[in-house]
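Structure below; questions to follow.
All chains are identified by letter, namely A, B, C and D, in their written order; residue positions are counted from 1 within each chain.
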Amino acid sequence: MTTVSIRSRGTVTIDAGHCKGCELCIPACPPGVLAMSTEVNHMGYRYPQLYAGCTGCAACLYVCPDFVFEVFRFNQPVMSDVEVAE
Amino acid sequence: MTATLPGRAERTLMEGSEALVRASIAAGCKFFAGYPMTPFTEVLEHFARLLPEAGGTCINAESELEAVGMAWGALATGERAATGSTGQGLSLMQESFSELTLAELPMVVFNMARGQQDYFQATRGGGHGDYRHIVLAPQDVREGVELVQLAFFLADKWRNPVLVYGDYLLAHTQEALTIETLQFPELPPKSWAVDGTKSGSGLSGSVTPLGVSKHGQPSFGQEGKAQYIATKTPLMEREVRVETGFLDDAETVIVTFGSPAKFVKYAIKQLRADGHRIGYVRPITLWPFPYDTVRDAAAGARRVGSFELSAGQMVDDVRIGVSGQAPVTFIGGVSTDHSGFGMGRMLDVDVIRDRILALHTDRELPVIPGYEEFTYALAPHQQEAAR
Amino acid sequence: MERELLITGIGGQGVQLAAQVVARAATLEGREVLFFGLYGGMMRGGNTDSTVVVADAPIEAPPVVAQAWSAIGMHDEFWAPTEARLRPGGVVLVNDATFTSTIRDDVTVLRIAATDLATEAGNPLGGSMVMIGAYSALTGLVGVDSLVEAMRASIPSYRQQHIEANEQVIRLGYEHVDPGVHPAWVPAATNA
Amino acid sequence: MSTHTPRGPVLDTTVAPAAARIVEALRPELLLTQEHHMCPGCGEPLALRGFLDTLSEMGVAQRSIAVAGIGCYTSFSGTMDVDLVQALHGRAPSVATGVKRMKPDAVVFTLQGDGDMVNEGLQEVLHTAARGEQVTCILLNNGVFGETGGHMTATSVIGQRTKNSLDGRDAEYHGYPILIGDLVSRLEGAAYVARGSVHNAGAVARTKKMFRRAFETQVERRGFSFVEVLTMCPTGWFVPTADGPGYMNDTLGEVHIMGELKVDGVVRTTDELRIENEHRQHEIEAALARGGLDT
């Protein structure tokens, strides 16, 4: 394991309960910080989860048919130290 | 040498079409859209000429489908609006007529029919679903001026389309007239109309034939909407209007409507002068049909005749009204002029009088010269059935 | 009292205009008026008929009458149905220039050479205007001044140049006939 | 677009962060609820967000009137916070005409699908455009009847498999698709005509600008305006939801070429549009890489 420092300029909230699992947001995310859950929501759909590195660009929101994203931009970038496999 | 009768000098000689249009404007009509078709065309022409002067808009729609849609949009904003055509054009509008009823839009529709063969279309409709339209059938231009204004009032009163059923004669006959604006009881403001000002407030509205409302507002649902609309039908049935004449001691009762009624009444007056006990019932509203009046008239009569220029449509309603109290005979017939737009030779007081008298004296209906039996055109197996 | 006037001829003779002028003149005089024109779909040469009903009380007659008190015949080609509708004792005015048929003898018939009179006055198309002028003198159904006023209101804007010539021939027709030979109204009605 | 694999723990996205400002709200201001019954991966809500937010941003929301056709999108009739007139299938442009003539100061727009506009009501939109009616028609074009379950429409492209063209649309048998935007752009009364899409974030942003130009055209009374939006219908196309954007771009997108088809009365050729599209796509990708789209 090694620790890397990842910079996030923004973040999103995800209303997972309204997600229908279409996965359009996953490839739409420029920094690639969204991945589908293994769990399912109450409707039986997998939903996106956020990892460190969001830029707050809103691309996920633009392509989300179910309006589950809300997009925020941090006043100051947030640094996260993340342990990753080598 | 000009001698003017007092109090009548204000009137002008006016074509029926123009009178109906001026009556619409007097009633506050602000929008009209139509597509030319004989004999409705002049109604469109007069709207195109007169409505802009009165601050309204008339669009020469590219089709009947579009005409009724445009009027639909204008009505949804709360303005009084109308469309029209002949029965043929109205056939194209039937889908909208059905759904306008569900959308509760108070559309006034002019049918300048080519004959009286649109009775079923007007009273039963060619559209889908459960719906009824009040149908007003003026006998002449003067009455048309009143009924058009009544049509706009009733449409708003019931939030339901109202048809004015006219014909070639009504559209083209000229009479000396003044258009007087009639007063009707006040109606509540159209809080249901949309104008855009409630958008974005959380309280936006919608005008829709569907059973849905805006999110968070009470909604009928599709089934509920159909049931709600059905509750209006028996209430609108109270709007029945009818004229009767000579019924007190009538042995024969003739039921007749629209322009031909004027011919029938004239003929009956002549027959009365000769001592024949004949009376008439003239439905002014074709729907609701004056079943009770027909029932009462038939109660003391020996026979009932239905005179209409069709293959026999209103006669069904006459039979319902008579309810078996007396035999019902259809004494009208298909009768158009050679162009197919106007009315044929059956529309003649002498011809009509002969038919009424034949019915009254239990004789066979006279054959009208030139109105051959067309059974020769039947295929052999059909001819067999005809025998 | 209801007075019916049938005008018949062939398209282009001014039948519809003549009927409209009579109807409008009667309107100007405050009468009840009903006017319905029928023409065979052709602008020229087809049959053309008009019905005018004038009354001093609301009209009961339908716009196509079975029986008529009077008629004007501009041409005899389509005349027969009109003649059949005349009541005994009725009155007929015919344009002698283009109407040669004989007419049944239970009606009063007056023949005038309307087309010739109009041509002499320099308005060869004014025959129907001569006829209604003459009809005014013959019956008094409408006054001649009313006819002139009604004619002015009936001529479309693009034909205004014909107004003076038409007035001339209406009055010519009026003066050509002895007034009041077959009166439409009992005196009390016109004095009302 | 994304080539990275997410790393580290899943972040908490259930609550709004501190020390941050909202860039884009959860749902459009003019939607009464975010819930709807569209299928997973449907493109229609994306277009909906585009024009609703545009109305809000232009400050004309409080004088806007929608006229809805009949299709899947009709279910938004009850959730858009916009005064609305529900029209019959195909008839919305005429209804909008009547509305606009009576309320000339309102921003009046139709919302129609390709079955509604290009099949049932083709004459309506053409006549309304030709009249130069001061309304905006919005077409959600996915090349199928979504509501009935994926049937061929007048805009389905050659080779497209639908429930009633199982072996693909065959020109000889089924005829050719109608390029409605191109058709409308040729009409003199049409002042602004554009074809956008919602198959990726860049396209969504670009389409939103089209909505703005269209509504501005109407507000300035410059004539009829028209925005066609290619939308995904993975259900009706019988493809996985995630494949929707790619399928759309490769099929509908190759025939119904995106771009502004008519601006200020000038019609642009398909070649011009193709060149511009490549250029635009590079720009948008670069912008996204920099961290955001300036909409």
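Just a few scattered comments:
In the analysis below, contacts are C-beta pairs under 8 Å (C-beta built on N, C-alpha and C of every residue); 3 or more make two chains touch, one makes a residue touch a chain.
Small disclaimer: the values here were computed from a predicted structure and weren't measured.
Spacing of chain A relative to chain C, judged by their CA centroids, is 92 angstrom.
The geometric centre of chain A is 26 Å away from that of chain D, both derived from CA atoms. Separating the CA-averaged centres of chain B and chain D is a span of 43 Å. One simple way to say how far apart two chains are is to compare their mean CA positions; for chain C and chain D this gives 67 Å.
Contact of a single residue of chain B with at least two other chains is seen at no position.
The touch graph of these protein chains is an open line. Of all possible chain pairs, the ones that touch are A-D, B-C, B-D.
Of all residues in chain B, those touching chain D in their complex are 30-31, 33, 57, 59, 61-63, 65-77, 79, 81, 95-96, 99, 103, 194-202, 204-210, 212-216, 219. On the chain D side of its complex with chain B, the touching residues are 29-30, 32-33, 55-56, 61-65, 67, 74, 77-88, 91-103, 106-108, 123-124, 127. The touching residues of chain C, counted against chain B in their complex, run 20, 23-24, 26-38, 41, 56, 58, 60-67, 140, 143-146, 149, 190-192. Touching chain C in their complex are the following residues of chain B: 1-9, 11-13, 140, 142, 169, 172-176, 259, 262-263, 265-266, 269, 339, 342, 347-351. Considering their complex, residues 1-11, 13-17, 19-28, 31, 34-36, 38-46, 49, 198, 200-201, 204-205, 234, 241-242, 244-245, 288-289, 291-293 of chain D touch chain A.
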